[in-house]
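Okay, got some structures for you below.
Each of the next two complexes has chain A plus one other chain: chain B in the first, chain C in the second.
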Partner chain A sequence: MSGMQVLIQKEWLESMRNGKWIWLPIAFAILAMSQPLTMYYMPQLLEIAGGLPEGAVIDIPAPSGEEVLSGVLSQYTFLGTLLFVLAAMNVIVHERNNGSIIFISVRPVSALSYILSKWISLLVLYLISFMISFVIAWYYTNILFSMVSAAKLFGSIGIYSIWLCFLVALVLSVSTFLKSNSSIAGVSIGILAILALASELAPVYMKWSPTQLQSQAVQALQQTIISDLWLPITVTVLVTIFLLCLAIWRMKQWDYSGH
Partner chain B sequence: MLQEINWSLLMPIIVLQVILMSFALWNCFKEEAVSGPKWMWVFIIIVINIIGPILYFIAGRKNK
Partner chain C sequence: MLELVDISKRFKKTEAVKSLNMFIEQGEIIGLLGPNGAGKSTAISILSTLIEPTQGDVRFFKKSVIKKPSPLRKAIGVVPQEIALYPQLSAEENLLFFGRIYRLKGSELKKRVNEILEQIGLTEKRKALVESFSGGMKRRLNIGVAMLHRPQILIMDEPTVGIDPQSRSYILETVKRLNKENQMTVVYTSHYMEEVDYLCDRIYIMDQGNLIASGTKEEIKQILSSENTISIEADHWNNAFITHLKEHESINNVHVEEKEITLITPKEVNLFTEIISMTEEYDIALRSLHVKSPTLEDVFLHLTGRALRD
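== the complex of A and B ==
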């Protein structure tokens, strides 16, 4: 584990250089701000879009702050997940394809510390982007709609963070098996889509599913008691550990001599 | 119509978009080689709002 700190520093330097530390937080902040703003200006937007008969009165009841923040979370479910997967797809493959993995493999660095350093550095970036953007959305919601208590906000952030741990582990694990960016993104999104679809179609059988955490993060905003919270959390933590072990095991099988 | 909009609410989002775009442009010019012609990426970054710069960072940068 001694090489861990050096590896994490290397990862950070790398993501500073390729701009990930700038564009990802900014993209999330824009995503988070645009939801409360579009909901606030919805009547004006409808008016500009036109197509309403003369004299029609648009009367949309103002949504509560909780509803607006739930809307932000559902934006994250789709666009956010896409950004997270796309930003993580090349972290391992890039080093395998350009050969710098060979330099790492001749040093006394274990597969464990290599995979863990990738996981931790991506996760820190993602958690920071997510939290900052969600707090910005909360700030806007409090100004434009109604006040949402900070306790609900942080409960929701906590549940969503566990989901992010799983998401990063999944993409890393997939990327130890495949060698092209697009196939890694495709397979990861495919797995997530199947899980989400299954939760949608058969919610009774999918209570354990990690995707359940996304809807529970929404529930955490709206009520204080969340149904069946601990089952998906336990399963997600176990699956995350399993995925990381799988990635470490798979990395030990790599053949460094050729491609 | 336009007077009804409170610009101080929209300002942060516009500023962030400009930062994102200028950072992508700066990065694109600095890079000696990008995947595909450089003028195409400059065009994409400027014309497609928000998505253009993100596309550049995901697909435009060559893995060195």
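== the complex of A and C ==
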């Protein structure tokens, strides 16, 4: 495992140079901030847009802080996931395609430390982008709407982070099977979409699903007791471990002939 | 020291390497020559235990290394055909990263990186990002990375493809020097016969997965000792002339390039005057005509009927 620190360091140095450590946090911050800001200025925006009959009163009930932050979470679920997949799709493939994997694999680097180093470095990038932006959104929400307690905020962050562990492992695992960026992004998003759709259509049967954690992160903002939390957490942790093992197994099957 | 014993490798339909035998002794520079698709990269990947052969054995100091590759892997440095570097890191950062992967640390690592930068002539460019490098500089760094852990055997897969002539001769000189001064054993793959001719002690020539010739340079050129190579130069040709040459009973091989035709003929027949009168007959402005001593290229032409770089 001693090689892992070296691998992680290199990942970060690369992500700094290619700007992932800049654009992903900034994109997440804009995504998160835009929700409370647009909701707050919605009435004025509608007015500017015009088209309302003379004398009509715009009467949108002001949402609660919890509702605003729930909106932020659903932004992450769609756009946030997409941005992350775009940032993560090439981390393994570029090394396989440019052959640097050959230098790594003739050395005492195990598939375990290789895959774990990728997982950890992506997860940290993702978690930091997510947390900073969510805290910024929380700050604006508290100023513009009603106060949301820090306990609720961190409860929600905690649950959502477990989901992110799964998400990173999924994209990595898919990356070990395919050789082009677009197919990796496509297959990852396809799997996520199927999971989301299944939860939508047959919620009773999907109580175990990792996607459940997304709605539970929303619940955590609104109430202190969350129903059926342990089942999806357990399943998500197990599936994450399984996906990482799958990636390690798959990496051992690669051939290095350069074709 | 290192041997391939009756190696075959099949990828689904293609048989990339067919029962290849090869041995490498300490301190030699071995050349592996052949056109694209000959199976050179496959042979080298098997030699460096990156892929397993379908059949046969790889032995290092008489011990099979297919199932236990680590003693061999410690002893070799592999320079892959592709540029295996991180473009967004500097030359020095690339070397430091791979050095750490090779378990070098602290001042020893720094010292080694400095030595390598010196050897590959990139000391001045150490802080520049690899993406800003020319093809030749990338190639040199690629070689530097493979040498970090002081391998006994350096295995190079077409290290001079697609680079400028200066970088190319720099690389050739470096390889020669490493071999002379550090007694490094080198396996050098190429489809340029001049390189192999210049560098190597012993040569293996492959074509379509088969080993078609092997031995020292002199031994291989002996294959053509009973033949002459005649080169005809002119500005352009006409088809009738070429057909006539091809149908001539004492000409074994005709290879046509834009301004040069190469013929292989038996030593005992003298075609000089005949060729000159033929060029007159077909109205060809002859520029030169001479008999050459055989090159490895001619050996390949003789054995396969094709040029190396078709």
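Methods note: the second predicted complex is superposed on the first by the 259 of 259 C-alpha atoms of A that agree within 3 Å, B and C clash if a C-alpha of one lies under 4 Å from a C-alpha of the other, contacts with A are read in each partner's own complex, and residues count from 1 in each chain.
In this section, a contact is a pair of C-beta atoms (placed from the backbone, for glycine too) under 8 Å apart; a residue touches a chain by one contact, two chains touch by 3 or more.
As the structure is a computational prediction, the values presented were derived from the model and not from experiment.
Asker: With the two complexes superposed on chain A, say which partner A:3 touches: chain B (first), chain C (second), both, or neither.
Answerer: second
Asker: Using the superposition on chain A described above, determine whether A:98 touches chain B (first), chain C (second), both, or neither.
Answerer: A:98: touches chain B and chain C.
Asker: Let me test your reading of the model: by the given contact rule, A:86 touches which partner, first (chain B), second (chain C), both or neither?
Answerer: First partner only, chain B.
Asker: In the overlay, answer first, second, both or neither for which of chain B and chain C A:18 touches.
Answerer: Both partners.
Asker: For A:41 in the superposed arrangement: first (chain B), second (chain C), both or neither?
Answerer: first
Asker: What is the contact status of A:190 with respect to chain B (first) and chain C (second): first, second, both, or neither?
Answerer: Touch partners of A:190: none, neither chain B nor chain C.
Asker: Would you please give the residues of chain A that touch chain B in one complex and also touch chain C in the other complex?
Answerer: The answer is residues 18, 98 of chain A.
Asker: In the complex, go through chain C and note every residue touching chain A.
Answerer: 11, 41-42, 45, 48-51, 70, 73, 76, 78, 80-89, 93, 97-98, 100-103, 129, 145-146
Asker: Given the complex with chain B, which residues does chain A contribute to the contact?
Answerer: 18-20, 22-23, 26-27, 29-30, 33-34, 37, 40-41, 44, 47-48, 83, 86-87, 90, 94, 97-98, 140, 143-144
Asker: Using the touch rule from the top, collect the residues of chain A that touch chain C in their complex.
Answerer: Counting only chain A, the residues touching chain C are 2-3, 6-7, 9-10, 13-14, 17-18, 98-109, 255-259.
Asker: Under the definition above, what is the set of chain B residues touching chain A in their complex?
Answerer: Interface residues on chain B, with respect to chain A: 1, 4-5, 9-10, 12-13, 16-17, 19-20, 23-24, 27, 50, 53-54, 57-58, 61, 63-64.
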